Each structure stands twice: as structure tokens, then as C-alpha cells.
Amino acid sequence: MTRFVAGRIGFYTLIAVLLAFFTIPLLWLATAPFTSDPTYEVRVPDFTFENFQMIIDHPYALWSLVNSLVLSIGTALLVVVLSALAAYALSRVRLPGRDALLYALLLLSSIITGTAAMVPLFQLAIELNLIDSHTGLILILSGGLLPAAIFMIKDFMDSTPKSYEESARVFGASPLQIVAHVVVPLVRPGLATIAVWTVANVWGNFLMPYLLLSDVEKQPAAVIMYTLYTEGGQANLKVLSTFGLLYSIPVVLMYLFVSKKYGFRFHGGIKR
Amino acid sequence: MAQVTSPPDPVKVVDDTTTARRRYSSDAAGLGRLRAGAFVAPALALIAVFLVFPALWVIYLGLMNYRLTGLAAADPQFVGLDNFLQAITDPNFWDSTWLTFQFVLGSAVIGQVVLGFTIAWMLRDWRGPLKRIVEGLVILAWILPSAVVSFLWVALLDRDSGTLNALLGIEGFAWLLDHPMLSIIIFNTWRGTAFSMMLYGAALGNVPPSHLESARLAGASGWQQLRDVVFPHIRGHILTNLLLISLWTFNDFSPFLLTAGGPDGKSEVLAVHVYKTALQSGDLGYGAAISTVILLINLVVAVFYLRLLRSKK
Amino acid sequence: MAAIELRGLTKVYPGGVKALDSLDLNIPDGEFFALLGPSGCGKTTLLRTIAGLETATGGAVVIGDRDVTGIQPGARDIAMVFQDYALFPHMDVTDNIAYPLRIKKVAKAERQRKAAAVGARLGLELLMDRRPGQLSGGQQQRVALARVMATQAQAFLFDEPLSNLDARLRLEARTFLKKLQRELGVTTVFVTHDQAEALAMADRMAVMEAGHIRQIGTPAEVFQRPANTFVASFIGSTPMNLLDAVVRSDTLEVAGCKVPVPASAEGLLVDGEKIVYGVRPEYMSYTAEPADGSLSGDVVIVENLGASHLVTLEVADVLVQAVVPEGREPELGEQGFAVPRRDRALAYRDGELVSA
């Protein structure tokens, strides 16, 4: 009996320790933005909103969030459109070398990371005059995310019944009509997930914008956040904490959104 | 590129290449090869230019004495394997490699796997809000932007007024300066556990409850159930999980955000080392050589991982 | 309205699998035609080839007077209902039914009017604004039918039209479909693996096996005179008795009993040859009294079929079945005599029917 109780106590102690381990570093983000004179230590906040005012007054804090948005949405659009087209073709048509291509894509996306490619990308960007260009960064980020996106969408399309498309085909619709009328509406949930996944990846990406954007006004929040705490002098904790919070909220919301909608359901046009 | 969410299930793709031919024509919309080619072309073009080409280009750069400034910037010369030889004989390179090894071993192989599995195991029978809270916090650590969590740990570990020192009741203990490797290892463990936790959670859910119950009825303790029923079932998952997160950790740049490789290169993992030599010191050729090494190591791990997946199915 | 003709139609998949082996078939205008067979026999491949979703490797498909073999599915003037109905989930019933007209570039008001008219004909008036997900299986089927009716195509193709319905609904739907086809008079080809369904609905049918057509005929022909042992064993809710027999001048020696030579094979058998004797349980009359030309044995199993019983006799070491009307079922173990009808018994040599 006592062994059982001791076991239970041990179990709950461990849970408490784990909870503490994961919570404590996060607490600062929840308390410091609302504290009028924050330090590195976590303290009970006195619930002030003046820090947020400082963010608004800061020359490039809010603007960097806009940059993050531009980069994220731009990349998401490009990735969704290109990956959907490619994935549909790969799912439905037996192109020569298709299987080898898919394997190669899988390999590439795992091997060619930001770390491995930072040197050539940087040098290429200089040569091609793509430094300080949002467009260039979007293209580069898309290139890195496309292989994985193609898989995920292809996987989704593989499990979409073909009878919808065949039905439309026998009714006389052209292939492009079929894609527009039938395929796109059907894979919308998959496309939405890819869009969110892309945004989440780009939003937090530090290395690429750090490397390729030197103009402060173009830099996204990831770089600005870093700059704020490494720039010389005493770090302005009011700005840092508040900015960090603002910067974090969108990804958290997106994660909640995706986890609620996770799982692709058909709305019954097919009798299972 | 940073991995924020779990990767696509590569097993499905690998499966495709080994599945028997289906019965009916799959070109449901009558796309035809030409149009299909046109659909695939834009994505492939982008991938070729911005992903494949840099990977090949880095090998070329490694063979040149390219620098960011000075004579070599304007007129780089072919130097053959000089950069590679330089790397092999450079103690900094080997130090960095050793640090990276510690980083991967400590935070991925040991840290994330053990912690992720432990949490998944402890929560396996739980349902409801408490489970969601615990999982939610672990996942929060993973999805918050790297720049933010890095600073949260800078704040936590601050020598004078950091929360950790406050809790431990000690003052003036400079974690990031005196124990940089420990700091980044614990940090990365904290950050990455969520992925392993979810993976093992799913794997545990697939262990047939009847097997566990048979063991329990036979008198097996929790530990024995783990050893005799659970591990055999999830053995395959452990290895593939290990490979994947090792690959990610090996390429992780976020130590830079925490310690910038310092103090004095004491936490300069390879990712940071490349950055420093190529982009701060400007020796692009040398940095490219190291990057090539990183690519090759990635290649070996990735191929091994894919082989494993194939053999599992 | 059009007849469908297949000439030497062949379909070989890459890898050498012959799904269709040089098929010839003639379906006259307005006929309700069934393609029946076990799974893998090629019936769905054949349907899809007629539709154009699969390309033929050899031979021709002629619809009306047109050779459509090389023509895209959308241009063959046919309409198809898939097994899962394929109703577009993001469109309501009206838009689903109107879809073929939309492709034909009919103006919106016009096509919605037509869709409403067809929908009303099938009793869908109150459902026109619903999404497919909000409909029952039977309703979905009617929407799918309305959709093909809206095309006013020359021929309809149905892939397993009833298999997605509950068993109860299926029987009602059978009658409904047959009546509808009669009214519309459109040439219709449907695929089914259910022989009872084919017998009930079709005007004529083709029984297929492994890419070949084993018999073409009316339900009566296929039921009463199956052309080979495959068709004989595939057709019929109760399996036909197929028994090894030896010819002895004008009788057959079957499992130690003597039965008369089937009327259809009279004069065509060689003395002493080994053939297969076939007679349906429904064409056997059972008696407890000894009878000439009967198969006799002990009753080992009695199965209740509702208004009749299926009695299994052990004759020598062979099982023979007979259908016995209600009220006349025997006791287990009693000795019974099953007398086959001479005009319904059949003889098979090397699997093929022996007949004039």
C-alpha cells in the first residue's frame, strides 16, 4: 500500500517538475509586457498597458511585424499555388520518372537546410542583386518549403476519390474546368493547412532574413527581436517583452486554428 | 529551413514507389502528360534554382578561394581541395564538430527522446483538460518563434536577475558564460521535446491494450510492461525519430541566438561556425567547404532514415 | 437514343494483364443491358472503356452510328453514374443536376429550370437546395440519376448502381430503376456482381469471366440454359447441381443412380463418355416414394428458404440439392428421391453446354 502511495507521490512530483520546467521560461512572456518596470525576473505584473504604447512609438517594431506578414503571406501564396498544381499532376498522371522525382524531392527537403545552404545562397544573392529584396527572400523560402508541401498535398489528393473528376469528365468538362470546378473546392482543407504551415515556418524563420536583409526597414520581426536584445547598451525590456508577445501571438492562434480543423473531411458527396 | 511543424509522412511516398499498379487509369480528369508536365514545371523550376542549385554551387564554392572582400572577391581562384584540407587541419573545425556532437547527443538523442517519451508514457492514460494543458505547454515551447524563446532563456539565465537564479537562491551565477554548452543543450531539449512527445504518444496509442493488460494480469510492473510489451512495438519508431531529430538538431542555428557561439567559441556548433567563418570573417570558400561537409553528413543520415522507413513497411 | 456496339474490343494493361479479350457485343437501342460477373472479370473495365475513361488497346466502340473509340469521354454523348454517385459536395442539388448543362454553356436561368423539372420528376422538389451530405443514400442516388437525365445523352452507363444502398432499399430501387428506364427508353448498360439483380432488371445480359464474355442472353436464357459450367454455377440464388456422369446409351449414370439423358442433349452424347450433368434444385421434385430416373439418398440438411426449403441429399458420396415447397419438407435422415425435370436438365462436355 505504501509502495503504491509512494509511487503516486513520485509520479505527481515528476509531473509537477515537468510542468515547472516547461512553464517557468514562458512566464516572463506573460508577465513582463504588463509590468511597468520589468526586469529579467518573473514578477507579478501590475497590469499596465503603457509598454504597448512604446511599441507603437518605436520606429520599426510594428513595421517589422508587417514585414513578417508580407513575407509569410507572399511565401504561402506562392507555395500553395505551385505545390497544388504540381501535386495534382503528380497524383493523377504517371509522368516518366515520377517515383524517382518524389524520392529525390523527399531527400532534398531533408538535406538542404538553411545551415547547409547559407553560404551559397548568400553569395548568389549578392551576385544576383537579391540582397534586401523581399521578393528574393520569398523565392528562396518557397524553394525550400515546396518539396514538403508537394508531398503533403499529393498525399491528400491521392486519398481524394477520382470519381468526382471522372464524373465531370464524362459530362464534358475540360481538364482545366475539372480542376477549377471540382478539384480545387475539394482540396481546400488541404490547401488551407499548407498555407498555415508555410506561414508558421516563415514567421519564425530567423536565418534567411538575417542573412539576406540588411535594411532595417525590410527586416521581419524575427530579426528585429534579435536585434533588440543584442544591440549594444542595456536591453529595453519593456519593448522586448511586449514585442515578443505581439510577435508570438499569431503563431499560437494559427496553431489553435489548425489543430481544431485538423483532419480532412468530405461533406458527403461521396457515399462511403 | 526551420522546421516548425512535423514533417510530411514520408512513408506514404515511399509506399507509392513499391505499391502494385492500380487497376484503372488514374488520370481522372484527362490531363495528359503534356499538361501535367506544365503543372509540375513551375514548382520544379523554383526548387531547381533556389534549392538544388545552391546545393551544387556550394561544392563549387568550396573549391574556390572566394572571399567577401579584397582581391579574392573580385577575382577568385580555383584552389582545389585547399579549403577542405584547411578544414581538416584546423583545430577550430574539430572543436566545433565535437561541440556539435555533444549538442546532438545531449539535446536530441538523450534529451528530447527521453523527455518526450517520458511525458508521453506518463500521460498515456490521461484524458481531459489537464492532459491538454501539459501537452499545450510543451507544444508552446516548440511553436513560439525561435528569436522569442531564445530571449526568454537569456532572461531566465541572466546572472543577476534571472528567474532561475532567483529560484535556486544563488546570485551571480552566469549560466550562459560559464556553462554555455549545458545551457544550449537544456534549451534545445526544452524546445524540441514536443515533437518526440507527440510521436511517441501516437506510437503508444497503437500498442494494443490487450497486450498491456495481459502483461499486467501476469503481474508485470510498469517498468516490465514497458520493457516487454511497449518497447518491442515502438522500436522502429524510436530509431526513425532519433534520426530525424538528430538531423534537425545538427542543422539547428538557434544556439547562435542564445550564445552567438561564445564565449570564445565555447558553444560554437558547426552551424554557427560556418556563419562565423564565411559571413563574419568573410572566408566564403572555406565556409563553403564546411557547408559541403554538413551537406554530406545530412545526406548520409537522410538516406539511412529513408532506408529504415522503407524496410519498416 | 443509340445502340452500342463493341467490335473485337481488347484492353491490355501495361505489364501484360488482359482485362478485356477481344469482345464482341451488340446492344440494341433502348435496351437495359447488364454486365454481370465476379470481381476482376473486367465488367467495370468494359464499362469504363465504353465511357472512354480507359483507352482500348484494340478493337472499336460504336455508339449510335459513330465510332467513338478515339473520342474523349466528354464528346461521346453518354452519361455515367458512378458507384459512389460522385455528387459534388460543395454544390447543392440544383447545381449538381444542372452541372452537365453548365458545361454545355446553357444559361443559368434555363439550366436551373431544367434541373428543377428533372428533379421534380424524380421526387426531389423539396431537396433542391440541400447539399449532398444532407441527403440519404436513396436520395443521393436519385440526384445522380437526375443529373444523367439532364444530359439527355444517347446512352447511360451505371457502375454498380445499387450496391451503396441498404439491402431493404435495394429491392425498391431495383423496381424504380427498371420502371424509369422503361419510361425513358434510353439504352442503358449497368454493371453488377449480383446475379439476382441482373436477372431482375436486365432485358439482356452478358456474363463475364476473366476478360471474356461467357454468355449473352435474356435472363430466362441465362437461367434456364447456361452455356457453360461457369455461367451455370454463377447464376441462380441456389447453386445448380453439377454432377459427374457417365453416358450409358439413353441414360446417365450419376452417383450410382440412373437418370434420363437431358432433352436438350438427346442424340448428341457418345456412349461411355464422361460429362457433367446439370439441373437446378428448383427443377427437381422431391418425393419420399421410390421413383424411376431419380437421384436417391439420405436427407442430411434441410434449409428454410421462406416459402420453400432447400433439401440436401447425400447420394453415394455426392451432395444433391432440391427445392421442396412449403409443407412438404422431409425429416433429417429419411430416404428421399429427387426427380429432375428432363426438359430442364443439361449436359456439359468439357465445361460447354451440349445442345443442338
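For clarity, chains are labelled A, B and C in written order, and residue numbers in each chain start from 1.
As a convention for this text, a contact is a pair of C-beta atoms (placed from the backbone, for glycine too) under 8 Å apart; a residue touches a chain by one contact, two chains touch by 3 or more.
Being a predicted model, the structure only gives us computed values, none of them experimental.
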| item | value |
| --- | --- |
| Core chain by centroid distance, with centroids computed from Cα atoms only | A |
| Remotest chain, chain B as reference, centres from CA atoms | C |
| Pair joined by more contacting C-beta pairs (A-C or B-C) | A-C |
| Rounded Å distance, chain A centre to chain B centre (Cα mean) | 16 |
| Chain A and chain C, separation of their C-alpha mean positions in angstrom | 55 |
| Distance between chain centroids, defined by C-alpha means - chain B, chain C (Å) | 59 |
| Where chain A touches two or more other chains, by residue | 163-164, 166, 168-169, 182 |
| Junction residues of chain C - those touching two or more other chains | 53, 73 |
| Multi-partner residues of chain B (at least 2 other chains) | 28, 30 |
| List of chain C residues in touch with chain A within their complex | 51-53, 73-75, 78-80, 82-90, 99-100, 103-104, 131-135, 137, 140, 147, 151, 164 |
| In the complex, chain B residues that touch chain A | 1-5, 7-10, 12-14, 16-17, 26-33, 35-37, 39-40, 42-44, 46-47, 49-55, 57-58, 61, 66, 115, 118-119, 122, 134, 137-141, 143-156, 158, 160-164, 166-167, 190, 247, 251-254, 257, 260, 270-271, 274-275, 278-279, 284, 287-288, 291, 294-295, 298-299, 302-303, 305-306 |
| Chain C - residues contacting chain B, complex | 13-15, 19, 44-45, 48, 53-55, 72-73 |
| Sites on chain B touched by chain C in the complex | 21, 23-25, 28, 30 |
| Chain B-facing residues of chain A, complex | 11, 14-15, 18-19, 21-29, 32, 39-42, 78, 82-83, 85-86, 88-95, 99, 102-103, 105-124, 139-148, 150-152, 154-155, 158, 162-166, 168-169, 175, 178-179, 182-183, 197, 200-201, 203-208, 211, 221-223, 225-226, 229-230, 240, 244, 247-248, 251-252, 255 |
